[in-house]
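Dropping the structures in below, format is structure tokens.
Both of the next two complexes hold subunit A, though its partner changes from subunit B to subunit C.
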Partner chain A sequence: MAVQSMVLADVPFPPSVEDFYLPSILPWGEHDNYWFTKITALVWLSAALIIIFFLVAYRKPQLVPSKRQWLAESLYGFVRNNIAIEMIGPAGVRFAPYLTTLFTFILLNNFWGIVPLIQISPNSHIAFPAFLAVISYVMFIWVGIRHHGFVKYFKNSLIPPAPWFILPLLIPIEFFSNFLVRPFSLAVRLFANMFAGHMLLLVFTLGGFAMLNANAWFLPFSIVSWAMTIALTFLEFLVICLQAYVFTVLTASYVQGALADEH
Partner chain B sequence: MTGQEPPKNPHGDDGPNPPDTGMGMTAVAYLLSGMLVWGGIGWLVDHWVGTRGIFAGLGAVLGMAGGVYLIVRRLGA
Partner chain C sequence: MINTLLAEAATTEKHNPIIPIWQEILVGGLAFVLLCWVLMKFVFPQMEKTFAARVDAIEGGIKRAEAAQAEANQLLEQYRTQLAEARTEAARIRDEARADAEGIRQDVLAKAREESDRIIAAGREQLNAQRESIVRDLRSEVGELAVELASRIVGESLADEARNRGTVERFIAELDSAGSTGGR
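On to the complex of A and B.
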């Protein structure tokens, strides 16, 4: 009982941004050292899992696929048919590998957010979504320049079909929305969703302890709070899949915009 | 699913966009960009001239109009 009350007394509430900065793994347990933390480990683990999974699944492809091969093919087929070709058209097939990689990487990284005992997503640190957004950003501009040539690409994406006297009004808006808002919103959307999800779970889990800590008669409320945590975990699963999908679809849509001819 | 045929009649590079090509997102981006860009420029002008916000307000309205115009031209028709 003494141990239990000690544990209860230690619960920090409310949760803060500090809770996203976990102690270092190497060197063990050090604070303020972020070179190798749980987050880093999870990102490397995701990358390794995805590489190994697809290598193993496609090592000996069979006409009647094994379960693993079926799963890998379903993932790739889903992204190829329902995202790449659907959004970009026949030219989208050559982007399918990148989009599939992006989709599976984000999905798995998000998924760590609700795996019991792990329960934090690397994407709840803005650095990872931001870098993914930078990759997509550089890619769609590069693809556009390759397809149209430098001048024509920027002419296409900055100069809307409009009479000359409103162009000075419109060009800054086009520039801002096409080249500044896009990468920013890609990164922030994913980051904010994962951050908020983790925060929600923390609030309801720790809140249960905090209430119990304040007064033992609050136990029923604590139990409701923990039940909410479980319910929210299922909600998070939805958010996780949706955000992976949205990031991939928007990347595809930007590539489509870069490849499109005159509007 | 890889063995599946790709969807029939996928829209080509020249076809119209499918209904959910992130068009909503684009529209919102245009509206916000319009307000932010021209509102921001107006705000700078306010600082420069010494007025108390008239240019920021005008800029935001003007930018919004530009954003709506862009949505109509780029996404409509």
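On to the complex of A and C.
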């Protein structure tokens, strides 16, 4: 009982932004050293797991696939057919490898957010979504310039088919929405979802302890709070899959917009 | 209590979650680029190849089956025409054989008839010849007998005289003509 009360007394509440910045693993316990933390370790682990999975599953591809090969193929086939070809058209097959890599990387990194004992997603640090968003941004502009040529691409994407007197108003809006907002919206959407998810789980888990700590009679409320944590974990699972999908679909959609001939 | 918590939060709040940490960008970028390199170089092109091979295998199989079906149909058609040809040929041969048999029968019949006619004619001829010779023999014999009989009746001297004058021949010739006009 004494141990328990000590543990309860240590629970910090409410959770703050600082809860996302864990001390470094190597060197152990150091703050403000970001080279090897739980977050970066998880990113490396994600990359390694995906590489190992695909290499093992596709070591000896066969016409009639084994179970593991089938799984890898259906993952690629899903992004290839339901995102790349669906959004971009037949030319989308070219982008399917990158989009699949992007999708699996985001999905697994998101997924750490609900894995018991790990329960934090690297994507709740904006550095990773921001990097991915910058790649998407550079990619769709590059693809557009390659396809149309520099002048025609910017003419296509900046000048909508509208009467000339409205263009001074429309061109800045187009520029703002196409070239300024897109990378930020991509990065912030993913980051904020993962950040908020982790925060919610923290609030309900720590909240249960905090209530119990304040008064032993609050036990029923604590139990409700912890039950909410479990329910929210399921909700988080949905958000995890959805955000990985949305990020990939939006990237495909930007590429499609850059390849489109008309507005 | 809340005040102290807030104060504590304010003092320790040194991270802004919207500002990315450059070390993390570097690490994440490195990990992602490595991931992209491996998957896009070694895995996904392989998958596309497998997909293409699979499509090829299925379409090729269908094509092969179609070809086999077409060949079978063609063979069946060929057999049918051959069978029909054989049937008409057989019918023709049967008809010919029938016609040949009829011809042979007619031939044989005609030959047989001819043979029988020939045999009958030969028999008749022989019969005539025999009759002629018999008649000749009889004639001479009857003459001799008549002469002998007359000589016995009239005397021996008459015999030489009758022979000299050809009486007997004349008499038999008369007999002959009388027999041939009045006999039948």
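In the analysis below, the second predicted complex is superposed on the first by the 263 of 263 C-alpha atoms of A that agree within 3 Å, B and C clash if a C-alpha of one lies under 4 Å from a C-alpha of the other, contacts with A are read in each partner's own complex, and residues count from 1 in each chain.
Please note the rule applied: contacts are C-beta pairs under 8 Å (C-beta built on N, C-alpha and C of every residue); 3 or more make two chains touch, one makes a residue touch a chain.
Computed from a prediction, not measured in an experiment: that's the story for all the values here.
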Combined model on subunit A where subunit B meets subunit C, clash or fit: fit
Contacts of A:54 with subunit B and subunit C, given as first, second, both or neither: second
Which superposed partner A:46 touches (first subunit B, second subunit C, both, neither): second
Which superposed partner A:27 touches (first subunit B, second subunit C, both, neither): neither
Touched partner set for A:105, first subunit B, second subunit C, both or neither: second
Subunit B versus subunit C as contact partner of A:125, first or second or both or neither: second
Centroid geometry (CA): angle subunit B/subunit A/subunit C, rounded to a multiple of 10 degrees: 90
Touching partner for A:160 - first (subunit B), second (subunit C), both, neither: first
Partner chain(s) touched by A:149 [first = subunit B, second = subunit C, both, neither]: neither
Distance of closest approach, subunit C and subunit B, by C-alpha atoms in Å: 5
Contact residues common to both interfaces of subunit A (with subunit B and with subunit C): 73, 76-77, 93
Subunit A-touching residues of subunit B, taken from the complex the two chains share: 1-4, 6-7, 10-15, 17-18, 21-22, 25-26, 29-30, 32-34, 36-38, 41, 62-63, 66-67, 69-70, 73-74
Subunit A contact footprint on subunit C (complex, rising order): 5, 9, 12-25, 27-29, 31-32, 34-36, 38-40, 42-51, 53-54, 57
Contact footprint of subunit C on subunit A as seen in their complex: 13-14, 16-18, 20-21, 34-35, 39-40, 43-44, 46-47, 50-51, 54-55, 58, 61-63, 65, 72-73, 76-77, 93, 96-98, 100-101, 105, 122, 125-128, 130-132, 135, 188, 191, 195
Partner subunit B, residues of subunit A touching it in the complex: 73-74, 76-78, 80-81, 85-87, 89-93, 160-162, 166, 169-170, 172-174, 176-177, 180-182, 185, 249-250, 253, 256, 259-261, 263
